[in-house]
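Just so it is clear, A, B, C and D label the chains in written order, and each chain counts residues from 1 on its own.
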């Protein structure tokens, strides 16, 4: 069992514009969550913005011994995350999970990628 | 509440040259800071260079429950960070925050991206 | 001696499609493992998926004071990892190692790269 | 003062081939080291390979309150690091530093980038 129950991703930006076939080459951000435990994880994702109140939580489930890669451009409840605006996310889970953040940017003709393990909370923070 | 009060980003380089529409496709580096606490964070960013004294601090505010994505090519006080030269940054905050470093490089026709969670200080360092 | 015995990589996706000469420009993911200890490390890699049971372990050896960069598109025993589908990996080693995750995506004419140090387990997790 | 005295970068690969003007667009890997302490840091970098003995140390200095971005394709003493072959690096410093790893790959017409904070040793490892 590997992981933490809280994670943060300060970088968030869904590029407004894409080149290439949908859906895989449409510019997007993904939060990849891995649950190696023997129970399903209920995950709450909150989005933070520069100039307005946080939005969420977006509720998701990551079943036991499964990984889910959530595309942020497909979030719609309670509201969509707008393209072309900066944001950040916090992930809270009721079971230990591991989170990684990835962006595919295809605004120009050839795509660009970034990725990083998210920042794990835990301990006395 | 998730985060630390000190962060380091050894990599820094604002490419000198760009392809595509301004401002979003102009080559740039961003420090993304997330403040999930219930108080505003006063943040001091210091830039380090290979062959001269550090510059700063650049003072910024990240309000409570907000994220700010600071473009380093827009820093001007006490002085601009020059393009095309290596540097590094240290971020000190009076409240716990989380920091991520991103570069968009559009010197060639198609942009490239990199990103990583910054290195958190804390503990007895 | 630097490292941990357990690592997780929530992001996994071997792009289906490539541009450029094989094998180096074929779209692929790599798990880079460094063993600085004075004994060979036996490494077990398990793949997790969104909707089915985990697959593995894939057994590998990283000799003492060596690094091995394993391409996931070359894994075949117990089964291949399918292209174009999300997955995640967990790495378990009998000696401390360090793991890093890299993807080269050459679906479009110019390649894109991502990389991150994997998430280390350890402690009371 | 932020940092650790030992760092590892399992991924290493200097692409053999480049597009664009030298030296900045020549494919390369960089180890960025930041020394925020009040003493100069003597840094020893060792390169590890898949099938032969480690090479090094490459000795470098990172002065107090400075950052140095070392291009691995410029290392020559005790020997060059070959292009087109996988390797890994360990960085040992006599003062706390912070390390980040970056690659610029310009084998195809448009460059790609990757970057990550290196893995910090320390504690009882």
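Methods note: contacts are C-beta pairs under 8 Å (C-beta built on N, C-alpha and C of every residue); 3 or more make two chains touch, one makes a residue touch a chain.
All values reported here derive from a predicted model rather than from experimental measurement.
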Rigid-body rotation angle, chain D and chain B, from Cα fit (steps of 5°): 90
Shared interface numbering between chain C and chain A [over half = same, under half = different]: different
Listed chain pair B-D, A-D or B-C that repeats interface C-D [over half of contact pairs the same by residue number]: B-D
Where chain A and chain B are represented by their mean Cα positions, the distance between them in whole Å: 21
Euclidean distance of C-alpha centroids - chain A vs chain D, Å: 30
Residue numbers of chain B (touch at least two other chains): 109-110, 112-117
Contact footprint of chain D on chain A as seen in their complex: 110, 112-113, 116
Contact footprint of chain C on chain D as seen in their complex: 6-13, 48-51, 53-54, 84, 86-88, 90, 101, 103, 105, 107-110, 112-119, 121, 125
Interface residues, chain B side, partner chain A - complex: 1-4, 19-20, 24-25, 30, 32-34, 36, 65-69, 96, 98-100, 102, 104, 106, 109-117, 120
